[in-house]
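One structure coming up, written as structure tokens, with questions to follow.
As written, the chains take the letters A, B, C and D, and residue 1 is the first residue of each chain.
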């Protein structure tokens, strides 16, 4: 265990932490503003990676895949937030989406039950779908949604439901192969300093996280929207009182969170791979970042990510038998002592 | 009374009515060969499950849906990649669908979980992927209705140990997924390699599912001549990439799943030259294999993995056995007897069963190369066979008696004598 | 409906279940047995969620220790396979309770979303140990429990085993029902509604929540013991986050605060996941859809369905006010 | 209104130099107060004067920064709420804080049980405790709620909820009752009703009252303290306070 060992392990831990920052900061902001524990966040990460793969397959451009994937997932985030996590507005669209989903399922069920009846034909399948969807739409329109804005548990469970749907959706769209995002050749090399190899990609991840962190910080500190977000994190009721449109803030933050998670997915895709199940692997780690760093705090997320990255890395390198325990036990202790995390505000 | 039924009761009543309905629905099927197939159709292993199913289905389709003259009812059940779900699905197949046999199971732990079901329900279970060593070794007596058409985990790694020794490697570091499959693979490699005079000087066990090898790679001892790796699934893609990026250029000899055709198409050029061992390679240059690869690729758009081949061969085995049984399923004991007597010329090469119902088959030492094969016009990564160990048994050259006296390969056996 | 009527109707359904299920196909027997194990777990979650207002995301931990205890004793020491099975049942409940007593020290202080997060972290600790502590848990391979107990009753017979699990299920239901109707149970409801007020009324609410947490842990452990023998294989998969989330969903699906709802919820989840999955490959969409629809439109679960129906009918005849009063209520400071 | 404070031997509640600060904000400054058995005292003051904070300190919801709270001569400064209640103190809340989804009867049952050991019993139905039920019926009858005992609390009118709030306070047979704006949100008619309701209470019960509605205060309380910026400015009888120039100034100056 010479210096070289410690240097490279610390470097590895920091670069892993950089990736975790991308995932964790979005989750942390969403929590801070909306008090929602978003269990779909891992799915955003995964979908970011898959969409990037599709973009690369279509255009061959890795650089293009990052913004496209991030924006696409941000749109998914907005749709989820507007249609399902907020109870007001978009009733028609929400009922429409759910109705369509139900319609497809009814059609699938009919196909499974009476294959001779509508077997194979897309037209028949479509007809059954449309009829069922319309029926479902009208049935749903008669039922008023029970708002979930103030119900922590129902929000969590709703995001779990979506996490399952996203997981199966990704499997059906992109298949179950273990895939990998290949970054440009420049990033596949290594930088050698003092006989130690520093993989360029890990350096890139650190640089990206620092850059994004800086931009986020500027947005939070210098823009009106940033100020509104900070005010809402501090005290949502007060923020509403002074005329901040917290509704818009929450939409912005949800989109931003999804955006960041997707960037994490593209970046992480070249480092962890993209495969089914990645979503639920990343989720607890993102939570560890948020919990340790403190909910709703950007600086906290950075420190939490660094702490988790290093703890995970050194835990696995030095105490493999209890490596996961060493990750989650500090989480428990921090929560028990300071429920809002190290840098979180009540 | 019924009209005044309490409202809160309705869901419960509905439930029991449903249960009743289900019970009536499970009527007997018509006379035919009913085969249950257990594979992950959803969840994180879904694609492997698809490869498995596709391999079997391809053979069925090529033979008009019949095996040995009998119409086949092929029922795929989704175990979601979980052993306990596999058990319940096996029971569903046996109890409700009244299958003659069930096939499949991906993970070693699924194999260990399904074998007892075959004993309890007196139904034939053919393990077509799951490779847990002991099922056809020290524990075979417990499972009279069990046979295997695939491999044991240590079966290809034992010749690989010999091959590594023959290359002149003296010191090897092993890095393998921390679960039974990893233990058995490393154990087989280490035993033979050390019996030949080599030394395993370090064993690293990253947990199953590791993708960031950052904590482990810097630990690899600098004085090793080569690295033995055993990766599965997403791990396989990341390990060689991160190893090379960390500046370690040592040769890799690996367990089969680290480079098999399931992961190979998604790998980068840094894996060219890496060596692995398995009982199948899609690049075996025989007419039987070429035909299989082409048929499979035409139908499913991808090169078959060993998951596909093993199930294709399983179907071929059943076909032959049913032929010999005269097209009528003769019951598990008799059927296993027939299967034991069959010699096949499969895509993977000649294969037959030893007296512990595990295949004796070729083991291929393969090197990743980028080239064109079988007339495909694009240069791709292929597992070129560089050496064939013919007719390898699960006991390698040790002989059954001697082999079975040692404990099953594990994290601690063989002990790491040269680790400090 | 009066209390007596409710009791009578639930009892009637239980009797019907006990009569019908053993005569249906073995697969249905198996499924029902499994669902009933989870029903016990879900009822333990309901004690916390529905009656005390604590949403625990770590209930799989107690389930897991109960199951691992049983599996390790059976596989390594051949203990608990005869009359000593009953000892294992007690030990399983004790270890679940003991773990809950430990975790409760950390968790009970927190409330709302923080309680949810800390129980999630605690559950993950147990998962981490199950996954990595190879020498004890067998790591990712898990532990196979090949033999079921035999004490005069041969539990390898699925129908006999069904009756055993059924008995435990019914007993848990009855015990928990008595508990929630007892002075202690009613005090939990008070805590759920307004904890501060309860303190002012002279209740040591921390202690009440702590006791409820431990009791839930004990029933979680019991469910785990039964699950070890039902499933025959215990692996880290048993203790993953999804198990905890599933048990919560079962409660919400059936209706929190009803006990029976938890059982119905587990029945539905198992029917979808283990029966529907034998019929169609897209069962996961159905499961996800059921979750989303229940949460959005049926916050009181299926048990609350009749009341919700009345409410909808009432709303459509009157002026469709945008469910404003529900909101007012929820936003009242506590 | 004629019965002046019955002078007992020892104060039921005594505050000595009570201070509380939140961060930099001094919410309570050096409050000293004494309530004797049967006293009817009120604390008035403008919004944000720290009245509710003071109640929270007395009942142990917030820890004090410095000073002492004595209940029946015992120093309870560091005791949790439920133990203080056990000594014979009860309070109501400014914002109604009943158990909205439970029935009126259940609300009262919970309140009665708070000080009984049977609250830990988990093997007997609550309904088998006849004495608890008898007492609940008694309380409800006295308060005129018996006919609505099975109504869910959230369906009661606001005025009824405010009254029930006090019934809950009385359920533990307290010797001192802290009332936090019992007339909050009530119409003037309802306020009068509330004042009458309060005046009917057992004269041996000491009451400490926070209230904005001066009519209620003057009806119920015989001694009034004025709180301003966490500090007691003046204490006196209703007439004294009524005519105090300082009090006028505060109310006109801040409102």
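Keep this in mind: a contact is a pair of C-beta atoms (placed from the backbone, for glycine too) under 8 Å apart; a residue touches a chain by one contact, two chains touch by 3 or more.
Here the structure is a predicted model, which means the values were calculated and not measured.
Here the chain-to-chain distance from chain B to chain D, counted in touching steps, is 2. As a whole-number value, the distance joining the C-alpha centres of chain A and chain C reads 29 Å. Per-chain CA centroids place chain A at a distance of 49 Å from chain D. With centres set at the average Cα position, the gap from chain C to chain D is 41 Å. Separation between the centroids of chain A and chain B, computed from CA atoms only, is 34 Å. Residues of chain B in contact with at least two other chains: 42, 178, 207.
Within chain A, contacts with two or more other chains are made by residues 168, 320, 323.
Among the residues of chain C, those touching two or more other chains are numbered 131-132, 134, 284. Here the touching chains pair up as A-B, A-C, B-C, C-D. Those residues of chain B whose C-beta lies close enough to touch chain A in the complex are 42-50, 178, 205-207, 209-212, 214-216, 218-219, 233-234, 236-238, 241-242, 245-247, 262-263, 266-268, 270. Considering their complex, residues 31, 35, 37, 39, 84, 88, 98, 101-102, 105, 108-109, 112, 140, 142-154, 156-158, 160-162, 164-165, 167-168, 280, 283-284, 287-288, 291, 320-325, 327-329, 331-333, 335-336, 339-340 of chain A touch chain C.
Residues 5-9, 11-13, 15-16, 18-20, 22-24, 26, 41-42, 77-78, 80, 82-85, 87-89, 91-92, 95-96, 108-109, 112-113, 116, 120, 178-180, 207-208, 411 of chain B are the ones that touch chain C when the two sit in their complex. Residue ranges on chain C touching chain A, taken from their complex, read 49, 55, 57, 105-107, 109-110, 112-114, 116-118, 120-122, 124-125, 127-129, 131-134, 241-242, 245, 248-249, 252, 279-280, 282, 284-289, 291-293, 295-297, 299, 312, 315-316, 320, 322-323, 326-327, 330-331. On the chain A side of its complex with chain B, the touching residues are 4-5, 8-9, 12-13, 15-16, 168, 171, 175-180, 182, 188-190, 192, 197, 199-202, 271-273, 275-278, 281, 312-317, 320, 323.
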